[in-house]
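Labels run A, B, C, D, E, F, G, H, I and J following the written order; every chain starts at residue 1.
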Amino acid sequence: MLFHVRMDVRVPHGVDPAWLDELKRTERERAQALQSQGKWRHLWRIAGQYSNISVFDVADAQELHDLVSTLPLFPFMDIQVTPLCRHPSSVREDDS
Amino acid sequence: MLFHVRMDVRVPHGVDPAWLDELKRTERERAQALQSQGKWRHLWRIAGQYSNISVFDVADAQELHDLVSTLPLFPFMDIQVTPLCRHPSSVREDDS
Amino acid sequence: MLFHVRMDVRVPHGVDPAWLDELKRTERERAQALQSQGKWRHLWRIAGQYSNISVFDVADAQELHDLVSTLPLFPFMDIQVTPLCRHPSSVREDDS
Amino acid sequence: MLFHVRMDVRVPHGVDPAWLDELKRTERERAQALQSQGKWRHLWRIAGQYSNISVFDVADAQELHDLVSTLPLFPFMDIQVTPLCRHPSSVREDDS
Amino acid sequence: MLFHVRMDVRVPHGVDPAWLDELKRTERERAQALQSQGKWRHLWRIAGQYSNISVFDVADAQELHDLVSTLPLFPFMDIQVTPLCRHPSSVREDDS
Amino acid sequence: MLFHVRMDVRVPHGVDPAWLDELKRTERERAQALQSQGKWRHLWRIAGQYSNISVFDVADAQELHDLVSTLPLFPFMDIQVTPLCRHPSSVREDDS
Amino acid sequence: MLFHVRMDVRVPHGVDPAWLDELKRTERERAQALQSQGKWRHLWRIAGQYSNISVFDVADAQELHDLVSTLPLFPFMDIQVTPLCRHPSSVREDDS
Amino acid sequence: MLFHVRMDVRVPHGVDPAWLDELKRTERERAQALQSQGKWRHLWRIAGQYSNISVFDVADAQELHDLVSTLPLFPFMDIQVTPLCRHPSSVREDDS
Amino acid sequence: MLFHVRMDVRVPHGVDPAWLDELKRTERERAQALQSQGKWRHLWRIAGQYSNISVFDVADAQELHDLVSTLPLFPFMDIQVTPLCRHPSSVREDDS
Amino acid sequence: MLFHVRMDVRVPHGVDPAWLDELKRTERERAQALQSQGKWRHLWRIAGQYSNISVFDVADAQELHDLVSTLPLFPFMDIQVTPLCRHPSSVREDDS
C-alpha cells in the first residue's frame, strides 16, 4: 500500500552540531536501506527547503508508522501522511 | 525536470452532466497520452477525495504550464505546483 | 486497516429538495449496510454540525476510496482521511 | 457522553530525557487505567505522527477536563475537543 | 451542561426575500422560546457581523444538536461548538 | 459595555515553577476581585484546554485593556477580543 | 469610543448592475453623512482591492453595529471589527 | 515606487464565454500598453495556475489602485499588494 | 503617502527585563519624535493585546522601511504593511 | 528558468550578535556575487519586514536548491519557491 509523506525538518537553534551530523548520517543510512528494501519507494528534495516528499510502499499504516517514527530526525520533523490509491487513468502498472 | 503537482477537482453544482462526462473522457485520454510520452510520470488518486497527486517530467516550467493549463478539467481544478530536485540520500537513479 | 474519516456535508442552495431527500435516503441505506458488513465501524454526528466522524475498517486505501467516493452525498462532502494504527498504550483488542 | 479528542504531543528541545521517560510511563499507566474504567473508550495512534485520536465516555465536559488536564503530558499537548452525539444512521448501539 | 456556540449566518445571494423573512421570524420565535425555557442561556450579537455568540445549557451534546440543527436558519449557518466547564477561579454559582 | 474575551495560556518550558505558582495565585485573586466588582461578568474554562472564555462588562475598550493587560499571566496569554451588543432576539435584560 | 473596521466587498456574479449602482450611490451618501457627523472618522481605500479600512467614533458597540449593519452593501461585505484604545506613546489628543 | 502584485483570476462558472473572451482581449491590450509605458514593469505567469506575479512602477499607491482596479478582469481577481523597496545587497541600479 | 501598519510585539521569555525596559523607553521616544514630525500620523493600542495599529505618512516605501526597521523593538515585532489611498467617498481632506 | 523566491528571515533570540553579523556579511557577498553572475536576477526588500522577494534565473530546480540552501542565513529563513513562466501578455523579452 502506498502512502505519500511530506517531511519538513525544523532543527531548533542550539542543537549540538556534532550530534546533529551524527543524526543526519544515520538518517541517510536508514533512508538508503529502506529504499533498497523497496519500502521507501521515492524520495525527492523540495527545491529551496529542508523538506522532502516521499512515497512509501508498506503493508499498512502500522508499518508506515514504525518506519517513520524511528527515523533519527523524527523529533525534528513535521510530517503529513496522505494515503494513495490507484488512479483510474493511470497507465503505470506499479503505481498502486 | 520534475514537478510535484496536486490537483483538487471542484465541479460547481449545475454543470451539465453530459458535458462533464465528455470533459472527463478527454481528460483521461490526455492523461494517458502524456503518461505514455513520459511527461506525466506518476499519477495517484488521494484516497477519499476527488484529487490526485502527480509528478511531471518536463523540460521546464513553461512546458509544465502548457500541459496542465490545457487539461479539459483545468477550469475546475485547484492546482499546487512544487518543484523537486534530487535528494542527496536517494538511491534511485531516475528520481531526478 | 483503520481510517479516521471526517465528512462535512455542504449542500449548495438551489438543490432540488426531493432529489436531496432521495440522496439522503440512499446514503442512509448504504451507511447502514456498510456498518452491518463491519466496513464502517463507527459513525458519530458532530454536535451542532451537518458533519460526521467515522472509522472505517477496510483492506486498504483502495477499498476506502471505492466505498467513500460512491456515497450518494460524496459530491457535496468535504472529506478528510487520517490513517490510524494501534496505540502502544491501548488495551482494547479490536482498536487496530 | 462522548467526546472526540485529538492530542498532538510537542516536546520542546532540551527537556530532560529521563524525566520525559518518567512522564511517558505514568501517562501510559493513566491511559490504561482510564481505558479499563471505560472512560477512555478508544485510543488510536495517527500514522506518522506523535499524536493520538481518542474517544472519551464521561459524565460531562467537567469530567473530561478533569481527566485530560491531569495527564502527565498535558503541558506538552495541543488538544482539540469535539462533542459527539448519536448519528441517525448509526446501527451500533453503544456509539452514543 | 454548558456549550459555547458561535453562529455565523451566510445567506446566499438569490434567496427569496419573503421566504427569508419568514425564516427569520420563526428563528426569532424559536430563540425566544428556548431562552424562556432556560436552554439558550445567553445570546449576544457580534458587533458589525451577522453572527451571534451563545451559551446553551442542555442535558448533553445530543440535546444541543437537536436544538441547533432544527433552527430555521441552520442551513445558512456556520456553527462552532465549544464545551465549557466551571473555571476554578469563578465566583459565580450558576456559571457551570 | 460587553466584550467577549478568549484567553489561551501558553507557558514556555523552563519557567520557574514557584514563580509560576505565584503568578497563578495572584491571577486568581485578581480574577475573583474583578468578578466581585461585576467587571468580569462570566468566566468559563474550555474543556480540555488551558484556556478560558470570558465576558467583561466595562465602561469602554480602554478599561478592558487596563484590566486585561495587567493580569499576572498576560505575558503568557494569546488574547482575542470580540465586542458584543444586544441581540434583537434576546429576552434577557442584563445581556447588553 | 474608537473601532477599527475593515470591510471587504464581495459582490457575487449575477447581481443586477443597475441595482448595484444604486446600492453604491446610497452607500456613498450614508458614508459621507456619517463622516460629516463625526461617527465615521477615517475612511481609506486599500490599494488594489475593493476594500476599505475605517475608524469609527461611536458611543459603544451597539451604535457601531447599528451603523454598519444598515449600510446598503452590508450583505456583500466581510467585516472585521477591532476595538481601539489610547496608545501610551501617542501624542495626538484626538486619537482616543 | 515599486509594488509587488499577485493576481489570481477566478472566473465563476456560468460567465458568458464570448463576453469573457472580450474581457481577456481588452485586459491584454491594457497590460501591454501599461508595460510599454513602464508602469507595469514585470509580468510573469505562475506555472500551473491562472495567476500572475507582477511588479508595478508607479508614482504612489493611488496610481497603483487606479491602474489595477480598472483592469477588465478586476471583478474576478484576488489581488495581493506588497510594497517593495531597495534591498541593501542589491547591485542592480533599476530595482528600486 | 499613507501606509497602514499593524505591529504585534512578541517578546521571547528570558529577555533581560532591564534591557527590555530600556528598549521600550527608546521606542517610546522614537514614536513620539516621529509623531511630532508628522511621519507617524496615528498610533492606537489594540484593546487586550500588546499590539498597535498605526498610519504612517511618508514619502515612499523606502522611508517607511527605514523608519520601521530601526525601531528598537523591531526584532520582536510581527509587522503587516498595507498601502492606503484616498477613498472616493471620503470627505476628509487630509486622509490621503 | 525563472523562480520567484520569498525569504523571511527569523533569527531566534539568543544568537550571538558577532556571529550573526558575520553571517550577514557573507550572505551579502554571496548575494552580490550571484547577482553579478546573473543567477539572482532581482532582489527586493519587503517594506517593513526582514524579508526579501527575489527572482532567480537558473538552469533548473537543482541549481536553485544548491544556491539557496547554501546561503549563510538559510537555517534562519522560511522560503517559498514559485516557478514562473512567460506570461502571454508580456512584452518584455527577458522576462522568461
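Simple rule for what comes next: contacts are C-beta pairs under 8 Å (C-beta built on N, C-alpha and C of every residue); 3 or more make two chains touch, one makes a residue touch a chain.
No experiment lies behind these values; they were computed from the predicted model shown.
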Output for shared partners of chain E and chain F reads D, G
Far-end chain from chain F, centres as C-alpha averages
B
What is the size of the turn, to the nearest 5°, that moves the C-alpha atoms of chain D onto the matching ones in chain H?
180
In terms of CA centroids, furthest away from chain J sits chain E
Chain-centre distance (mean CA atoms) for chain C and chain D, in whole Å, is 22
Between chain A and chain I, what is the gap in Å from one C-alpha centre to the other?
44
Expressed in whole Å, how far the mean CA point of chain A lies from that of chain C is 28
Could you tell me which residues belong to chain C and also touch two or more other chains?
2-3, 12, 14, 45-48, 61-62, 64-65, 81-86, 96
Dump the list of chain pairs that touch, please.
A-B, A-C, A-D, A-J, B-C, B-H, B-J, C-D, C-E, D-E, D-F, E-F, E-G, F-G, F-I, G-H, G-I, H-I, H-J, I-J
Where on chain F does chain E make contact in their complex?
2, 4, 27-28, 31-32, 35-36, 42-48, 52-53, 82-92, 95
Sort out for me which residues of chain H touch chain B in the complex.
11-14, 45-50
Of all residues in chain G, which touch chain E in the complex?
3, 5, 12, 14-15, 61-62, 64-65, 68-69, 75, 79-81
Chain I residues touching chain H in their complex are 1-3, 60-62, 64-65, 81-86, 96
